[in-house]
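When the chains are written out, they are named A, B, C and D in that same order, and each has its own residue count from 1.
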């Protein structure tokens, strides 16, 4: 079995100078939420399933009792608007477990999308702050100064030494390895507390991306999810508050 | 040395549309107990030994002082009943230690059994609940809705989002990778506390499987083992009870 | 670079039905001590160095300031006694770090020694008891019942289910993989507390081995080392005793 | 994707019996600081970038918002002084994460520099003492006794059994694997507390190296960095002092 198995589940599409967008699981699941929302809203079509020996040896069980071997998937979307570019979107259940798997996966995926004409990549992820955020900003990084300059016009924040550790995982590798192939790349990182999945941060990232790509989508589904998460977060805080109170009381009892 | 070494220890059998059954070590050792019991009862014949660089570098010592390099093994059973199907049964000492080894092993085993005509797989495992169970149910997952529908008639339980983490290891991979080859697959998971090996859960799984396969075997040996385990479990609980009492007494002394 | 690099540092010897003996680092370093002592006493000649990507990336510094890349080494010894067999002895700095490396190394070494005519293997190791031992016994395991029977005449102990976990590492793999090639194999495990290197246990193992091989060597160097270790062990115990006394005194103060 | 990817970013240089110098991240970052300083001062020219599946899957973000895939880099420097030798200098962001990656990287790099005529290697690193040092000495290790003798004239310290664990990582492997190819090798280890990056130790190492190579460079930049680090270290100590005092006070309160 090859390290990475690429399975076409639909005919290889003919795309017009497509742009490649990545959103895989990661901090706050920002990238995956964004990519999945984009796929839903555009009704993008799955055409490739990617299996890898560096994914966990695991199948998920669907609601109807059927199984699904964990994978990554490529979708495409053909625009009808003149001047607009087609899209290829990557999402999936996991990133590679090891360094080696990560590199192998990114390299294989670049092979596929480059063969389909991709010259520009946007990778989406989260930037964990470890604290509450009122309004998540979108940080950026890019393969050239020229791109950095262009992106600053779209409210993308570039801050020296942030993120300090750079970008780890597929969001970094795809534009890093892409740069070596002469492919332009941009990474958008939505600020997120990083405790829970963060649809609000995914929305912030997608708003920037769709503005740049001149794509019109609804964000209501992401907003609905954000409300759900907010409700859960509030309940967790309440529970924590109660348990802290309990501890204080215990302390009092003890001291008393 | 190849990642996986396949050694035929008997002539390759000619089988009639055989069904492939897997039972390897895992939670409660349910799958392995079930597969071994089936092999015993049917007097199935070993024909393949599988060695792998991803198994521990280990030999076991048999009772007579001889050694055995850890492996997986394939057995076959030829039915004499008309209309019944032959079986290939997999069991072994270990599953692969790494993701890569797990995939490589499952892929190699599928190559072997597919070449022997297998079009249907049953994988057997445990579903750990972390609590005592009166009567273990058998949960299921399958490669198609049609199969799910059929299995429900055999008291197999399908519950949304259970197991939540899907199926990990060979029981998941074999049907997951098998599905990609167009092989039908079913996984049976016997409920088990998961603390000790669980022959009772293995019996529950085997009862469903043999009913589907229209095979008649005795379960008395599994029942004997279940009684042994129950006895051990009771003794462990007693010990725990004693030690807890001891602690309580200490607490009292201390407070006193 | 290949996973395992075999470097001949002397001409390939012509040996008469040689016996292969392994002694690598492990519990109590019993095997390595035994193999090194045998090499010393027989003045065996190094002819192969084995380097491996699965050894640590490390050089040792010799007393004279020169370096040595960590490796395994093969020595040979040609007997002049009629009817006696030549020997090939393996020792080294490390065993492979991973399962895969262990298998690859053992397989490569078997290729080398099999090409030199080896039909019989003795592997040497320790069996850690975790407690003091007056007189270490030598436990055995072998590839056939016939061998087991023969060895019992040489005071080798065979006990059911001991060691319970079988034999892990090169001592197990070499005879396990050897058995698959039709090579006879025996493992001798010297009982050892397992806390410190154990020349006494190495002597016990070597006494059995040399008796079987009809080889006459001195054990005085191993005995000298055993006295050294005993001295160190005594000092460690004394230190421990002092520190325990200190703790007790503290307890008294505290309670007082 | 190959395990190690070598990318020439400038034409392959023609060098006169070049000497190869390595300085990668490690204890106190001594090697990397030294190699980078040498590159700066000599204005050496980058000609190779090395990417590896065993580096972390990571890009760094530069100050201008552009990204850089983590790598190792080779620089060369051509002397104009007659009789002096040209240099190839290796530095980088990471060493390989696994044993296998370390061996593969060192082997690949030796292939490159050997093809360019290298017959002598100097590797630079730190020797962590875990305590403050007034004036760091430079410890040495070499591939031959002859070299050891020569180096002793340059204030390089050779001490029996120091470092006890030998040399781990690229600094050891490059001269260890080089020795197997018949390449002369020396490792210089600057003593360092090992808590923080240590430009002072890097200076000590470079002073020995440049004296041997008859190269004249300024050390003022390293000295400036050393002052910075000293300032940081002092502040850390002060903080620690304060916090300890706090603890003592608490203790008093408690006891009181």
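In the analysis below, contacts are C-beta pairs under 8 Å (C-beta built on N, C-alpha and C of every residue); 3 or more make two chains touch, one makes a residue touch a chain.
Everything numeric here is computed off the predicted structure, so don't read it as measured data.
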If a chain touches chain C and chain D alike, it appears here: none
Separation of chain C from chain A in steps, with touching chains one step apart: 2
Interface residue overlap between copies chain A and chain B, same or different (over half shared): different
CA centroid of chain B to CA centroid of chain D, Å: 52
Averaged-CA centre spacing for the pair chain D and chain A, given as whole angstrom: 37
Where chain A touches two or more other chains at once, by residue number: none
Chains touching one another, given as label pairs in label order: A-B, A-D, B-C, C-D
Interface residues, chain D side, partner chain A - complex: 1, 3, 7, 51, 53-61, 63-70, 97
Residue numbers on chain D that touch chain C, as the complex places them: 96, 99-100, 102-104, 106-107, 140-145, 148, 158, 160-163, 165-170, 172-173, 175-177, 179-180, 185, 187
